[in-house]
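Labels A, B, C and D are assigned to the chains in the order they are written; within every chain, residues are numbered from 1.
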């Protein structure tokens, strides 16, 4: 079942490795079939080098495995919270990419310092609060999803399609599994740029609101004029 | 039309990717036919991996598409300002290369700290002022070109063949499209060297004027003696 | 003799190079046959590119060469101390990987700042004290092993399967030669993350004990639920 | 003439590129025939990708081209000073490798912080004083050699087989052209390690003299026991 989505999710996971976002079995990408409310996700702890499309696991909104010979990613519950809350999202990704993790461990947002950031993220990329001991012990992965939702609230999740979970790492999302990977690669790149910017100028200021507006809306929304058509991921 | 120039521009764009200056569809290179005042430029938002020479877009000095099945780069207006002002320029490039962006976001020039810099840039690589809200809203790409021209003024653009646009990233140029890419690769490398120099010695001073002179004129101008002939890019 | 173990040790050494942990002849991995108390180790100063499984050297617990046409690694005595003290260990690795060496030279532990660290190391990765002049001159490699044992003491070496030797570099270990390499790759990666975290937030605090617990025990021990079975290395 | 040496020098130059020490035409390696006092060196400004062994240039001790269809490296005079002063040297290399240049631009030595450094460099890697305007204008490349000699003096150049020329970059040498490249790769790596060490611990101290002694003499001299025989480069 869901052969096409499985292939998309598989390829998106492989792209994580190709883009240097993960080593070993780290990271996971999922995608959703919105008609059936079924989520396809990477199996837990399986090597990218031997993984195949048919190894992807199908789960329902309660996290039950509907199809698959492997256990799903241990982060499945986090993905499901995001899909349930935000119907705009078609793919979710989690990595331990280095620059993004540095900000997550530092407990700091990735401030929008320039147009590279503004091209994809309409404002600072936030960092969640810490989970409490109770939240961690009772339902860690579920509450990771909940604290992301608490941070984004009812804002459009596609305006800033990624977040840092404190002391953990980035989650990102997109219209598709491939789009979510695109966004996490950009998130890590703007984290790298922000890091280097802060090092050479500790007093640096955020990009102006009007340059942020200009670049974001050059690529997104009704008046976009970058690219050959839709550039949304 | 302009098949040879299209091939040169195409290859220069591909070189951006090969040299690690761009990811995804980021960055663009153009070249000019000075006899016809026609500019060949990368199409907007097209993947490097599938791009072909015939996808390059030909525009006139007013930015009208003269030939091409794609929209030209959204930064075309910036390139045109540079070609119109500086007849010495045969190629223009824009990237979001990481080290250069860090300085652009920090709003700081790349100070000439050594001979690697002096071999190609005869002085600090400047950073423009911020564009005003009005400049951004009225004609962003045109005014990006204008602020570059405002910064360089009537100095020889080939003496320092690159610049940082504040909160944005580097533009560079050269005698040819390939030369402009060469210069942007060197610009990013000297930005990296400057960054690391500043980190280990925050009190470091600019290279002496006579060492700057020596290295620059060892490679450029009538008394150059580096290489087997012309080394100008 | 020990053909299977030699192949494992050879492949683990080659993996050091493939993962960017070593250049030239740097680094070494060993493995042990616990029934025979024989250790198989990389020969000293042999190039990875020409090395073959049959070049691995077999030594006994006193460091005598039992088989092999090369001299064993000059660090053999250090490996032996670890095998003798800790029966849980099946493989040992030493590298000069860059991020780990930076902490070793700085004389600082790698503090646990997040879940990437917690997934594999149940607490800070310690840095040994300096060896005394006497210890260095009398039996340098042996005393390197001894100072590691002094630092770990009777704690479970598998809970934090790596250490920094002051002014030197990392040693790591695992259940197998391949597992020891896995652990040293992760050690270097978490060192990189810790470095970047400290740079952007010099006042950063250690990860909470309950998040450390959660991630470590999600992957290790009786209640582990990450992966498809054992994830221990 | 000197076909074997030309091949060695060619391969050593290509190794510079393979090891990431150079981009474009940057860098140069030479080798010497001590019986004939002839030096073989890379031609100036020739691309690595098209260079062939027969493109190497043969010069005598006065810098006259004895054989070759290209001009020799513009740094030839510097190499010759080193060969004339130090008969131990069989190969010389100059690069603009990034980490070494950062220290050269900062005007700081690479302090010996650990065993990676001590394995190859018996003490801090010095940085020369600045050349004066007169020295630069009268005979830049010759005086670059002279200031290196002034810094090393009558110490054994093989004990610390590399140096930083202020505001310029590293020169290194070895028993052979390949050995000089080996030493420059290690020099850049220990520069990287020193940089990162200084960043995480600005108050870090030099490695102890006895650990420096131990590691250096484990690899060099009459009592060396690392490797399968001579490890000297």
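Assume a contact is a pair of C-beta atoms (placed from the backbone, for glycine too) under 8 Å apart; a residue touches a chain by one contact, two chains touch by 3 or more.
Everything numeric in this text was worked out from a predicted model, so none of it was measured.
Participant: What chains, if any, are shared contacts of subunit C and subunit D?
Facilitator: Touching subunit C as well as subunit D, we find no chain at all.
Participant: What chain lies farthest away from subunit C once each centre is taken as the mean of the Cα atoms?
Facilitator: Here the answer is chain B, farthest from subunit C.
Participant: Using CA atom averages as chain centres, what separation in Å is found between subunit A and subunit D?
Facilitator: 46
Participant: What is the distance in Å between the mean C-alpha positions of subunit B and subunit D?
Facilitator: Computed value for the inter-centroid distance: 33 Å.
Participant: Please output the residue numbers of subunit C that touch at least 2 other chains, ranges allowed.
Facilitator: Counting only residues that touch two or more other chains, subunit C contributes 199.
Participant: Using the contact definition from the top, classify how the chains connect: line, ring, star, complete or other.
Facilitator: Basically the chains close up into a ring.
Participant: Can you work out from the touch definition every pair of chains that touches here?
Facilitator: Those chain pairs which touch are A-B, A-C, B-D, C-D.
Participant: Considering the complex alone, what residue numbers of subunit C touch subunit D?
Facilitator: Where subunit C meets subunit D, its residues are 23-26, 43-46, 70-71, 74, 96, 98-99, 101-108, 130-131, 133, 136-137, 140, 167-169, 195, 198-199.
Participant: Which bits of subunit D are touching subunit C when the two form their complex?
Facilitator: 113-116, 182, 185-186, 189, 192-194, 196-197, 199-201, 204, 207-208, 210-211, 214, 218, 225-228, 231
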